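Both of the next two complexes hold chain A, though its partner changes from chain B to chain C.
On to the complex of A and B.
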C-alpha cells in the first residue's frame, strides 16, 4: 500500500530542507516531492538495484568477498588498537549519534578524529576563533534580510533550494514582497547561475577577495575617495554602488562559501569578511553565515566541541589530552607527511575529494584501510574492508545540524536495506569489540600483517606509562 | 601546438552532485565530471572543437578531460573542472597550514590531446594507489 510521509528532512546539503514528501510503497521509495534534483537522487539511490548489502573484504586480486559484520568489526577494532596513529575522517553524511559513538571509539583508540570541514570550512573555523561569528538563523534571513550577499558561493548548484527557501525568493514576516523587496549582490570570479539571480554582480578576480573586502571596508570607514579605480578587477563605481545598497538596507546578510576558504589566504579571507560585518553594523544590522556543504557537517563542530573541546582536526593520540592544530593534525597534512598507519573513511569520500597526491599516501601506503559508507565510492574501491551502513534521513533518523547550527530531527522513511547497521550501532559494536580484544591481550604495537609500521611514532603506552 | 597557461578552480556543480549520489562508478558521473570549462576566447585560442580531449597539467600531476565552454562562464585566464576525481588529479595538496588543499587558484597548462583517452574514476584512483588490477570491477 502506498503511504505518503510528510515533513521529511533531506540528507544532502547544509540547507536541510525539512518539507519533503516521500511516497513509499512496500518498503520502496516511489516518489519524492519538494526535493531538489540531488536530494531526489539520494532517495531513489536507496531503492536502486546493486546496492552493497553486506560488508566486503578486498582480495589480493582486487575483487571483493562478502564477509559478516562480526568479521568486519573485528578487523576494524584490531586495526584501531594496533595502529599507533589511526585517522578517522569523514562524518559529513551521518547523524550526531554516529559522530558521538565514533568520538568514543577514537578516544579509546588514541586516533586522530577529523571531519570534512578540514577540507571545506575549516579555515572559517580558524577565522571565527580569531574574530567571532556575528551570525543568525536562516529563519531570520528569510523574515528580515532585505539585502543578501552571496560571496564566493554558488547556491544554485551547491545548495539548490537555498535561494528559494531562505536567501532570495521567500516571503517572510518583514519581507512580504519576496524577491521584489530584496537586493541581491553576488560576488564570484565566474558568472555563475547564482549571479543570474542577482541585482548586482561583482566579478572579482580569482584569489583577490581580500582586496575587494578591504575596499568595502574603506568605504564603510569613510575613505571612499581613496579607493583605487579598479580593485581586484572590479571598477570603483560598482563597489560604491554595492556599498550604497548595503548602507541603505534594513538588514544585510552575507553568505560566504568555498570561494573564500579554498583560495589563497584561506582563513584571512573569512577573517576580513567578519570584520566587514562589524563595520556594516555601524550603519545597519548585518550578519554573516558560512554556506556549510553537507546536511550535518555542522554536527561534528557541535558534538565534538562538547566531547573534546574542538570542532575538527582532533588529535587524541596523546592519551588524556585532546589537541587541535590544523596544518599539523589535519587529515590532508597528515596524509602528505605519511604520518598515519591506519585509516577509516566514514560518510565521505577521501578517494574522490582529497587531492590525489595526498590520498595516494593513504591508499597506496600499504596501511590498513576501512570505508564505512552506504555506497561504493572511490575510497571503498581501494579499502581493505568496506562496511555498508544505513543512509541517514532515508533508512535511519537522528539529529543533524543545519548550516545555521539549528538541530533538525531527521527521520527514516524505509527500513535499512538488507538489515544493515546504522553508524551508531556499528561504532558501538567496534567499541565493544575493542574492549574484548584489549582484555584478550591485543596491544598497540604498530604492526599489521601487511602494513608498513610507522618507525618514528611511539605507541601511547610507551609514552604515557 | 597551442599551450594555454590558465588559473584553475574546482567547485561543485548540480550535475556533479546528482551524478555523485547516483554513484561515482557510473557513466553519468564520468560524463559530467571529466570536463573542463573555460572562456570562449581561450577555447578559440586552443583551436579545438567542443569535447576535444585536452591535457591539463599542474605542478603535481596531469589529467585528460573533455573541453567545453560551459553555461557558468569563466573570465579569460580562468578554467574550472567540477570537483571530483578528475579535478583532484591536478589539485596541489599544499594547505597553507590550514588543512585545506589549494582547490581554488593554482596554475595549470592546457593543451589539446585529441587522441588521448579520458580515464575512468576507479582506474585513476586505483592506479594512484597501486591497486589497479587491469579491469573495472564496477561496469559503468
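On to the complex of A and C.
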C-alpha cells in the first residue's frame, strides 16, 4: 500500500530542507517531492542494487569476504585498544546520537576524534574562537534581511534550495516583496550561477579576499579616501558602491563558503569577515553565517563541544585532558606526518576528500583501517574492514543540526536494509566489546598482529612516473 | 652551570611529547630520576631513559642547569615548554612547540623546527639556526594574548602566522616569510630580513614591523607617511614608513590615534 510521509528532512546538504514528501510502497521509496535533484538521489540510493548488507573483511588477495557484526566489532574494538594513537574521522553524514556514541568510544580508546569540518569549515571555527560569531538563524535571514551577500560560496550548486528557501527569493515577515525587495551581492573569483542572481558581482582575485575585506573595513572606519584604486582585482568604485548598499540596508547578512576558509590564510579570511560584520553593526544590523556543507556537519561541533569542550580535532590520548590544536591534531596533518597508527573512517570518504598524499600514508602504510558507511566508497575499498550502517534520514531518524545550528528532527521513511545497525548501535556495541576485551587483559602495548598492508597501494609519485 | 646531555638512542613509531624536558624539571634531580621523567607516544607513557641515554649532572636550580640534546629529535615535540630559566641546546631538527609558553632562559636549536615554535612566548631567548614552519611566536587558538616578551630569532625561512596576536617581545626572521605577519598585532616588533608574499600587518592595532626585502601584495590599509632612518638589528638603513591597518580599530594616546608602523627598506 502506498503511503505519503510528509515533513521529512533531507539528509544531504546543510540547508536541511524539512518539507519533503516521500511516497513509500511496501518498504520501497517510490517518489520524493520538494527535494532538489541531489536530495532526491540520496533516497534512491537506499533502494539501489548492490548495497552492502553485511560487514566485510579484506582478504590477503585484496578481495572481500562477508563477516558477522560480532567479528567486525571485535576487530574494531581491539584495534582501538591496541593502537597508540587511533584516529576516528568523519561524521559528515550521521546523526548526533551516532556522534555522541562515537565520543564515548573515542574517550575510552584515547583516540583523536575529528570531523569533516577539519577539511571544510574547521578554519571558520578557528576564526570564531578568535573573534566570536555574530550569527542568526536562517529564519531571521528569510524574514528580515534586505541585503544578502554570498561571499566565496555558490549555493546554486552546493545548496540548491538555499536561495529559494532562505537567501534571495522567499517572502518573509518584513521582506514581503521577496527577491524584488532584496539587494544581493555576490563576491567570487568566478562568475558563478549564484552570481547570475546578484544585483552586484565583485570578481575578487583568487586568494585575495583578505585584502578586499580590509578595503571594506577601511570604508566602514572612515578611510574611504585611502582605499587604493584597485584592491584584489576589484575597482574602488565597485567597493564604495557595495559599501553604500550595505550601509543603506536595514538588515545585512553575509553567507560565506569554502572560498574563504579554503584559500590561503583560511581562518583569517573568515576572521576578517567577522570583524567586518562588527564594523557594519556601527551603521546597521549585520550578521554572518558559514555555509556548512553536509546536513549534520554542524552536529559534531555541538555534540563534542558539549562532551569535550572542543568542536573538532580533539586529541583524547591523554585521558581526561582533551587537547585541540588544528595543524597538529587535525586529521590531514596527523596522516601526513605519520602520527596515527589506526584509522576509522565514518560517515565520510577520506579516500576521496583527503589530499592524496595524506591518504596514501594511511592506505599504504599498513595502518589498520575500518570504514563505517552505508555505501562502498573509496576509503572502503582499501579498508581492512567495512561495516555498513543505516542511512540517516532514510532508514533511521535522529537529531541533525542545520547550518545555522538549529536542531532538526530527522525521521526514517523505510526500514534499514537487511537489518543493518545504525551508527549509534554500532558504536555502543564497539564500546561494550572494548570493556570485555579490557577486562580480559587486552591493553595498549603498541604491537600488532593483524595489520595487513595493501600490496598494491603504491605512492602516487611512483604510479605517475 | 651543570650540564645534562641527552642522546636519542631509539626512534618512536609516532611522535614523542616531551614537555618535561626543561631545566625546571631537571634541576636537583639525579640522572636516574631524570631518566624516569615521563614522555608520551600517543596514549602510552614511557620513561625518558627508554628512548635516550642520559649523562652528566643537573644543577640545583633551573638557572644552573643546561641541557644538551643530541641525536635525531625530528619526532620530538614540546621541548623546553614553559621553561623559566637555564639553557637548552638542541643539535638536531625538532618537532612542534619548541619553547612554547617559555618565560625565561635560553634555547638554541641547531637545525629546523616545525610549527608553533615559541607559541605564546613570554620571555627568554629562543634561537633557531634553521627554518621554521607556521605559527612562530603566535597565539594559541582562540587566545587574544600571543607572544608577550622575549626574543625569538629564526635564521632561515618561516611559513604563515608569524606573531599572530603578538603583544610584546621581538621576532627576527633572517629569511623569507609566507603570509600573515603580525596579524591582529597589539604590540611587539617583527623584523623580516627577506621577502614576504602578502598580508603584512593585517588587522594589526599597534606594534612595529620591519621588512628588508619585498612584499608582493601590500595590505590596502597601509598608508605611506615618510622616509625615515632606522637602526634595525644593529644595521642602519632608510625605510619607507607606513601606518595602518586603517581597517582596524586603534587606541588613542595623547589625543592621537596609535597605528601599527610598517617600515619597508628602500
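Points to keep in mind about this one:
Keep in mind that, in the parts below, the second predicted complex is superposed on the first by the 449 of 465 C-alpha atoms of A that agree within 3 Å, B and C clash if a C-alpha of one lies under 4 Å from a C-alpha of the other, contacts with A are read in each partner's own complex, and residues count from 1 in each chain.
The definition used in the following text is that a contact is a pair of C-beta atoms (placed from the backbone, for glycine too) under 8 Å apart; a residue touches a chain by one contact, two chains touch by 3 or more.
These numbers were taken from a predicted model, which means no experiment stands behind them.
In the overlay built on the shared chain, the residue A:12 is in contact with chain B alone; chain C does not reach it. Residue contacts after overlaying the shared chain place A:326 against chain B and chain C alike.
Between chain B and chain C, B touches the greater number of residues of chain A. Residue contacts after overlaying the shared chain place A:38 against chain B, while chain C stays out of touching range.
Touch criterion met: A:338 reaches chain C, while chain B stays clear of it.
In the overlay built on the shared chain, the residue A:259 is in contact with chain B alone; chain C does not reach it. By the touch criterion stated above, A:126 is placed in contact with chain B and with chain C alike. Of the two partner chains placed around the shared chain by superposition, neither chain B nor chain C is touched by A:302. Within the superposed three-chain model, A:354 lies in touch with chain B and out of touch with chain C [touch as defined at top]. Once both structures are placed on chain A, chain A residues 126, 264-265, 326-327 are touched by chain B and, in the other complex, by chain C. Residues of chain B touching chain A in their complex: 7, 9, 11-14, 17-18, 20-25, 60-61, 71-75, 78, 80, 83-85, 88-89, 91-93, 95-105, 121-122, 124-126, 128-133, 137-138. Every residue of chain A that touches chain B in the complex is listed here, in rising order: 12, 36-38, 41-42, 45, 61-64, 118-120, 122-123, 126, 154, 156-158, 160, 189-193, 203, 205-207, 233, 258-259, 261-267, 293, 312-313, 326-327, 330-333, 335-336, 349, 351-360, 363-364, 375-378, 381-382. For chain A in complex with chain C, the residues that touch the partner chain are 83-85, 110, 126, 129-130, 208, 210-211, 213-218, 220-221, 223, 226-228, 231, 264-265, 268, 271-272, 275, 279, 317-319, 324-328, 337-341, 444-446.
Considering their complex, residues 13-15, 40-44, 77, 96, 115-116, 134-135, 140-142, 144, 160, 165, 179-180, 183-184, 198-199, 202-203, 217, 219-221, 223, 245-249 of chain C touch chain A.
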